[in-house]
Amino acid sequence: MSSFTHLNEQGRARMVNVSEKTDTEREAVACSSVFMKPSTLQKIKEGTMKKGDVLSVAQVGGIMGAKKTSDLIPMCHNIFITGVDISFQLNEKKGEIYIEARVKSTGKTGVEMEALTAVSITALTIYDMCKSIDKEMIISEITLLEKSGGKSGYYKKRR
Amino acid sequence: MSSFTHLNEQGRARMVNVSEKTDTEREAVACSSVFMKPSTLQKIKEGTMKKGDVLSVAQVGGIMGAKKTSDLIPMCHNIFITGVDISFQLNEKKGEIYIEARVKSTGKTGVEMEALTAVSITALTIYDMCKSIDKEMIISEITLLEKSGGKSGYYKKRR
Amino acid sequence: MSSFTHLNEQGRARMVNVSEKTDTEREAVACSSVFMKPSTLQKIKEGTMKKGDVLSVAQVGGIMGAKKTSDLIPMCHNIFITGVDISFQLNEKKGEIYIEARVKSTGKTGVEMEALTAVSITALTIYDMCKSIDKEMIISEITLLEKSGGKSGYYKKRR
Amino acid sequence: MSSFTHLNEQGRARMVNVSEKTDTEREAVACSSVFMKPSTLQKIKEGTMKKGDVLSVAQVGGIMGAKKTSDLIPMCHNIFITGVDISFQLNEKKGEIYIEARVKSTGKTGVEMEALTAVSITALTIYDMCKSIDKEMIISEITLLEKSGGKSGYYKKRR
Amino acid sequence: MSSFTHLNEQGRARMVNVSEKTDTEREAVACSSVFMKPSTLQKIKEGTMKKGDVLSVAQVGGIMGAKKTSDLIPMCHNIFITGVDISFQLNEKKGEIYIEARVKSTGKTGVEMEALTAVSITALTIYDMCKSIDKEMIISEITLLEKSGGKSGYYKKRR
Amino acid sequence: MSSFTHLNEQGRARMVNVSEKTDTEREAVACSSVFMKPSTLQKIKEGTMKKGDVLSVAQVGGIMGAKKTSDLIPMCHNIFITGVDISFQLNEKKGEIYIEARVKSTGKTGVEMEALTAVSITALTIYDMCKSIDKEMIISEITLLEKSGGKSGYYKKRR
């Protein structure tokens, strides 16, 4: 096979090997916010959006999204998720829906991406349910709040 | 069937009927930004991240994510996407990667959600590829920039 | 290629060709019922099941299930669904949740399978949300009620 | 964050946490029946349906469906399935195909939903393969027959 | 935004825009071969493989695989497939199973990738069903035989 | 239930039970080759293909394909993949791209199918990216090179 040129592999993608990591309990908390017109938020609270009850659909979308993380993020390992919990806080003055997702797993890799994917899909679903009446919505501040388990130990974002 | 109580359907979810909408050329442009440490951005530019070339993997992730939109967003119609283009701009001083996605389709529904999903998955992929060296990243400003086709016509976000 | 034995194709599976069928508006209505203990139904109505509000989760599950029909049913064509609507009727005396799904599409094939899949996944989701307190539930009478569009025209089940 | 109104979480959905459950061998058996015209059943037996050999396609559909359970049922955990076996019994007089699925796993959650999904997708596939000649088919009696493993122990349905 | 460096887009991936292409009837035929020990082929013919009837499972796998093409091939458009037909020829002397897939569609893009994916997944399924008794199998000669429809017109491979 | 005819189960498909197998470290290496015109290979090296950088897209496609193996191959178990690495060698004289995939896992079943699926999807992606300028490409020699872990122990293909 001497006529082959070995392609330089530097910079190419790989799904890094985690076989030697130990199985531990892992947890991650992530958040995001959707900003909208106060009148849009009002309609969500009244439950009068044409496509249905926005927050309950968004919550289901986010939970199912968490389970699809490894199918969406190319180099992400597929894992067994043991629990997902998504909650909302509404700030009517600012027209903000704040989303928080807590994901748990027992395994060799952390669940940050699952928590971040959960809040992203939840936010996108809220956007989809409301877009017919509000084209100016912004999804913002998707970030990791907390993480535990694994070699790197406990992490908590400074606020 | 008189002993049945008809459940109040108000507020419940539906995938709204679009059969009577006409097929038109549709296009949507959305954006998002990932903020990180300047040193992380530097490593992306040098192509020395352990999981591979961040932007080319993220671009593939985003394009494939656009095709999964209706599988992710509960009330979103499945559609035929005719084109997806994702581009990046890097601001080294601010540690920002700005992502823009342009999605095209011919059909009965707009492609805002496909463009927004594309930039979200692209951003999440960047996050995944860099998270081992930077836990403080923030994905922000996911929003619709432009939209054309369909009954509501042309829309462009005021900047 | 004379040494080849042509395998007898009789009985083997194919996804039958529909290219010559014309695009028409199509609609199908299907139903199913979940039978449970009256006390289980009571808890659903009160919204006190541990996994959440049963009917709103089941409705989202059913709508998303309709979109996955061609991924689930081996010889089923993938189609563009233009609308899905799922409704419930509760019979407390019989401990029955009756589910009805109406699916619409514009295309070359009918949407019976999408409507039947929608009511099946809706019923399975109800089962999943309640199984910790009721192991005797039965999902029953999954059937097509109505169908229109395409060469075979209008069909309505005799009741 | 004092201006936020904490949304009442009662009734909202969650994927309940199972991290503290122990890994045990688990098994579940579920069944369903498809009722059809005796002449339809006859054609299945003769292997003369246009779309192919009904029972072998349905069996593959059901096994693949079992693997998609957590993708279909919103609050269902994704698990590692160790085995799926689907068998049929035909009652020509009643025009009935009885389907039984046995699913095994080693893990923290039961496999009832996997067994129930397997028999449902098997039944829907039979329906799809035969619907061109029989519009009156009914899928019925989807139920759990047996279950073992986990804290709740052995369960067997009284017949 | 003057502080941004526009990233050089050359070489980056895109899903090329096909909106201006016309809808035509399209068809593609592809083939592949699986080479194995004659004794393995013998067992397939006798239907005595432990995992089941190899060719009927492989055929279902290949048809379902064709429907997943755009989910698998990153820059491939999602399309409406109107028909898939997979057939086999067995050469016992050479220990060869020859697979041919014919895929049809009406749309803006060709169906070569769908036909090639169909024969690939069919071949991989045969491999999976037989690998416990034969580790030396080779999947070979996956290639396009014929293609029609679209701007480039009719193509037939010279043999 | 005496009027039932027990269907002969011989030859029918099953996902064989692996609950009693032990969890071990498993690894598999598979390869394939894509043969093309030397001028096509030249364009890949120059990075001037219209759809983007062929090898980096193909690598992402192959890694994501490995994660979809159990969704594609009907009787294949879903598993936790701990690592995937895909590399290329280019032979310009022969117009050959040689692909090698190494897949790792900890579990009850081998990862041959994951490695074979990875090289197949990688090869199909290369085909898709180049097919507008080369219709004569052939994907060939998909085969298992090496395998370790599990009861059957170490295997290495004789070359």
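So that you can tell them apart, the chains are marked A, B, C, D, E and F in the order they are listed, and the count of residues begins at 1 in each.
FYI, a residue touches a chain if its C-beta (ideal position, glycine included) is under 8 Å from a C-beta of that chain, and two chains touch if they have at least 3 such contacts.
Protein names from UniProt, one per chain: A, B, C, D, E, F = Cyclic pyranopterin monophosphate synthase.
This one's a predicted model, so the numbers in the text were calculated from it and none came from an experiment.
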Target chain E, source chain B, minimum contact steps: 1
Chain whose average C-alpha position is farthest from chain E's own: A
Same or different contact residues where chain C meets its copy chain B, judged by the half mark: different
Chain A and chain E: spacing of chain centres that average the CA atoms, whole Å: 34
Separation of mean Cα positions, chain F and chain E [Å, integer]: 13
Residues of chain A touching at least two other chains: 12-16, 52-53, 56-57, 59-61, 64, 68, 71, 74-75, 80
Inter-chain touch pairs (all): A-B, A-C, A-D, A-F, B-C, B-E, B-F, C-D, C-E, D-E, D-F, E-F
Chain C-facing residues of chain D, complex: 10-16, 32, 47-48, 50-53, 56-57, 60-61, 64-65, 68, 71-76, 112-113, 116-117, 120-121, 123-125, 127-129, 131, 135-144, 147, 155, 157
Residues of chain F that touch chain A when the two form their complex: 25, 55-56, 59-60, 63-64, 66-68, 80-94, 98, 104-106
Complex contacts: residues of chain F adjacent to chain D: 1, 3-7, 9, 12-19, 70-71, 74-75, 77-80, 107-108
Contacting residues of chain F [partner chain B, same complex]: 52-53, 56-57, 59-61, 64
